[in-house]
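Quick heads-up: structures coming right below.
You will see two complexes here that share chain A, one where it goes with chain B and one where it goes with chain C.
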Partner chain A sequence: MERADKRFGFLCSLPILVVLALGFLAPLAVVALYSTMPERVFGLAHFPTFEAFRTLVEQDYYKSLLWSLGMAFVATCALFLLCWPLAYAMAKVFRSFTLAITVLVVMSLFVSENIRLFGWSLTLMKGGLLEGHARAWFGIGFDGLLYNVPVIVFGLVYVYLPFMLFPLAQGIAMIPDDARQAATDLGASRWQVLIEIDLPLAAPGIAVGSLLSFVLAAGALAESKLLGGQAVIVIADEIETAFTYSQNWPLGSALSVVLIAIIGCLVTYGLARVNLDAIIGRNR
Partner chain B sequence: MVGSTILKLDGLSKNFGAFQALQNISLEIFEGEFLTIVGPSGSGKTTLIRLLVGMDEPTEGEIRLRGKRIEGTPANKRPTCMVFQSLALFPHKTVGQNIEFPLKIRREPQDRRQERANELLDLLRLPRDYYHKRIAQCSGGEQQRVALARALAFDPEILFFDEPLSALDYRLRKALEKELKDLHERTGKTFVYITHSLEEAMVMSDRIAIMNAGQFEQIATADQIYAKPVSKFVAEFMGEVNLFDIDGSERSGIAASALHSRENLNLGLVDDEFGTLMVRPEFIRQIDGEGNSDFWVFGKLRAEYLLGSRLHYEFECKDGTTLTVEKLREDRLSCVAGDEVLLGWDVENTHLIRSGG
Partner chain C sequence: MRVSRRSFNAGFAGTLGLGALAGSKALAERNDQLNILCWEGYNSDEVLGPFRRANPDATVRAESGTSDPDMINKLRAGEVNVWDLINVNQPWARAQLYPEGLILPLDKDRFLPFFDSMLSEFQGPYPLAFGDDGELIGMPQRYGPFSFVVNTDVVSRAMAEDEGWNLFLDSGMSQRYGVLTYDNWNVMHIALTAGLNPFAAIEGDDAEKFRTTAEAIFGGAKLLTDDLVAMNTALINGEIDAYFTGGTYTASPARYDGVTQVRAITPASGPVDGKGGVVWIELTSKVNNPDPSSLAEDFLEFVQSAEISKAVAFAEGTYNPVSQMGDPGVMELFDADELDAIQWDSLSEELSRCLDYEIVESYDSLIEIYTAAKRG
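Our next item is the complex of A and B:
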């Protein structure tokens, strides 16, 4: 019986396994192979070298990588602080209003990310919505708020909000109310309930939300291009340039491999530590 | 062992909109006693305990802990705590960390906490190596003990219980009831227990408070409540009972249609007074002729049930009402279903519930 179930499960998952193998693993393998080719070649039939990785270090490409990871980290922290109260209210306080918030947040995803970012660009630029009105009404002109690092982080926070909000609300919904009440009854202050009960019990949601936001923000390109101008070059920008303008596929591949490796380690580590079942006390 | 008043409720009311969950409740709880508040679901007992532990505030009235008003004090500032119906153990903490929780909140040093946790494991007869066990690895009964140990680690002035045994199977519940009573004696703490199960209340409590529709019907020892209930509600709530409505204006106070009594019997009801005559099923016996007991009825045996050591009979009286009789197995009645027999009992085994004029 169990064997039959396993067979059936395998058969059902076969289509997606084929798609993943062809559409996900195969390109990854090609990228990994290209990263070991000599620079500026367009074939895989060369003797492997690590030239591209040397260029990556020597020509300061690692700085773009650090900028991307750094901004993604700051954006993730900001998202967590911003989303916690709202997610808490959605999971524990609001009733039918939660649905309204969900619909509103999801609706923002219906409009393409680039178009929404252009909207912000028009709002924040010199002569745009904010600065233009400030000048017309109060006579105060300023340089516009675009083209700096904070505005890129703002863009990341704005675009990836749903990816933090929903997992977080899910995680908070898992906190049993009676555990919070019992902790209060046993003398815990609000702060102690947050540290001792809320955060550990919502950990799976926090982990999933943070990983999603971080991974997406680390590979983000549009925010830095549309809002940041040339303030900093992010890693995704460098990869795109290497593959297109510079026609240096091995370098682009090497940059991709490093980014994938870092994020892959992070996700594996994060998800392994926060085992959903262990957290809520099942299995083990 | 039972001492001075520790908790005093005075004129306590709680409204939810137009609904009065608690109506003008007053109660004194004494130091070191085991008081059980019993009532059917919806009687307001959960609302009451939420007020007592500080999870809710009363609409009106006072709660005094050793003379000091506490009704506005939040739960985390009160020296009392509760064992929840769901136990509310922290699933992400080990048994030891659960027990230590109140001490951690008070920032006691780790070695002191662990020492106390081990003492409590001993007190509740859990092995010390459970300290590192996960909550999910413990059985229902063990989780019960962990919840108790955690509450005792708090060292509360009063320990409240919100039906913590209701989810357990019968045998385990019986064993834990006795353990809880034993624990009460060993710790000398004041226990206030809430349940809908009268059996549970009778086994454990020094006093029982019967609650109905947001008010106390009667507060007394289990024995008093069983033998001398003040209302029909209490009489019926305290297990099987036979009740006959009687009217003082009729001949010697007896007017129930199926009930006969001796001519000169005086129950003390005056004219225009109504009452209910109560007789517990274990006091009814089979008699040979009318007048061989103070009261008698004719009953047709409808059914017989075996309840382990006892037998439970249901008779149908002439007016269609049901009379229940209970006998020990060795005192089995000599009749079968369909037989009509004469059943009687004496006045000293009855109790009169007065319901006014």
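Our next item is the complex of A and C:
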């Protein structure tokens, strides 16, 4: 009976498996195949040479990769620190106000990322909202705040805040209040409650929020272009240049494969340690 | 069911007949659809609206690309089945699209007469509208000198023209300029800054000279962006005083808004026959669509008319001169502010100091050096 159920389940899932294979795996396979082709060819009917990977190593593309991963890491840490108190309040303190915060944060996603970042650009630039007002009201002028690495990280934190906030709030909601009260009754300090109760029990939410934020930030491009003035060249920019101006599809594919591999390993490692069923409330 | 030889033959013949019918339909031209892949402007209502009204039964669609290679990638990826016309800068059409069979020659009898009423630079007719085999591969319309842009309140036009590309190597300009990352243009302009001919082979010591110049340009830049609005905003707000790679195409939106101190500059001298500027010219070509639309050439003819030429010149986004401005009927449609926005006063003089945007012979190796320098 169980075997028949499994077979029926497999048959039911077949259409979506086919869609996933065609829509998700097939493009990845094409990118992977292109990465093995000789440079600057536009078809797959060539003998694989892997020379794009050699170019990738010889031409210091690791710099862009490290900048992207490094800034994504810093942004993810900043997001965690920034979102924890708010997520805690949303899950445990606020009641109807939680809905208001949720609506406000979600509404920001209705506006294009580029437009929101351009708004920050107009705020932070020389003669913009901040510097212009400081000069007009207090006579204090300063150089604009754009075109550096910290402002790119700021942009990443700003854009990806919802992707950390909501999983984190969901994770914190999973912490039983009884456990916190019991710990306090047994003499645990607030710090001990945070370290030994809150963080371990909210770990699935922390992991999902961190993975989402990190993965998105590692592939981000607009923040570097619009706020950072390309103070550093991120890996997504290198991929775009390889596919467009360089007309070197195999190199662009090789860069993509390396990024996908790194992100894929991180996600697999992270998700293996998270009980996703718990966070979506199936076996609480 | 029993199949006799007679019934099999009848069925087989019927099948062949249906196939032939389907084949003849596939070979017939579409006249109810036109898909245009273009730079911004051709997709505006001012251009498409009148054509749609003239062809009420046809679905006319246009999509704006963000760069020449982006658009070419679409055709390479198999979208020749989708598009009927493509509008790119001429070297991309001549060096990549036509040799690879992605675009088709135009009917010379139909289109050569239009060159007679164009500006003198395009009469003759304009040689770079032709493939190496002498076929007419596209019609020129928008064009513009493209070198660099300054804020003339800080750097005078005369000084910028005299200094030319050396302006960006002057230590006093360090951290006072931006680089507009139109990478294919920057490759040409860095070669010119290094005193090299971008359209000849650049190897050995010359490649090294290109590398040091690229490193100097990126080393002194305050910001890099591929967004001309962000670059103009930085120029207007005083974040920078000039930007490397720009022209009437990038300066005109700011100028038309009244910020006329934003000015495109063409160097007074340069390393190739005394010229240091480069002029871009778009070609609109017929895509080698296996199911061709008869409307493609109709549209190409339609955009040669005075009103539509003006609409193409002053569509949304950027404002540009058009080759049809040789026709007095087109010229009278422009007012003084519009002519000032496209720097009409100096356009002819600037063109005389420009090299034609041609195929960059060592592009593959130079773009590698360029991207490495950009990475830092």
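Simple rule for what comes next: the second predicted complex is superposed on the first by the 261 of 284 C-alpha atoms of A that agree within 3 Å, B and C clash if a C-alpha of one lies under 4 Å from a C-alpha of the other, contacts with A are read in each partner's own complex, and residues count from 1 in each chain.
Keep in mind that, in the parts below, a contact is a pair of C-beta atoms (placed from the backbone, for glycine too) under 8 Å apart; a residue touches a chain by one contact, two chains touch by 3 or more.
None of these values were measured; they are calculated from a predicted model.
Shared-chain residue A:268: touches no atom of chain B or chain C. Of the two partners chain B and chain C, more residues of chain A are touched by C.
In the superposition on chain A, contact is made by A:243 with chain C only, not with chain B.
When the two structures are aligned on the shared chain, A:112 is found in touch with neither chain B nor chain C. In the overlay built on the shared chain, the residue A:196 is in contact with chain B alone; chain C does not reach it. When the two complexes are laid over each other on chain A, chain A has no residue in contact with both chain B and chain C.
Partner chain B is touched in their complex by these residues of chain A: 176, 178-179, 181-189, 192, 196-197, 200-201, 203, 279-282, 284.
Residues 40, 42, 55, 59-61, 63-64, 118, 121-122, 125-128, 144, 146-147, 225-226, 229-233, 238, 241, 243-248 of chain A are the ones touching chain C in the complex.
By the touch criterion stated above, chain B contacts chain A in their complex at residues 53-55, 74-76, 81-82, 84, 86, 88-92, 101-102, 104-106, 134-137, 150-151, 154. Within the complex formed with chain A, the chain C residues making contact are 67, 69-70, 72-73, 76, 96, 178, 181, 183-184, 222-227, 230, 233-234, 237-239, 364, 367-368, 371-372, 374-376.
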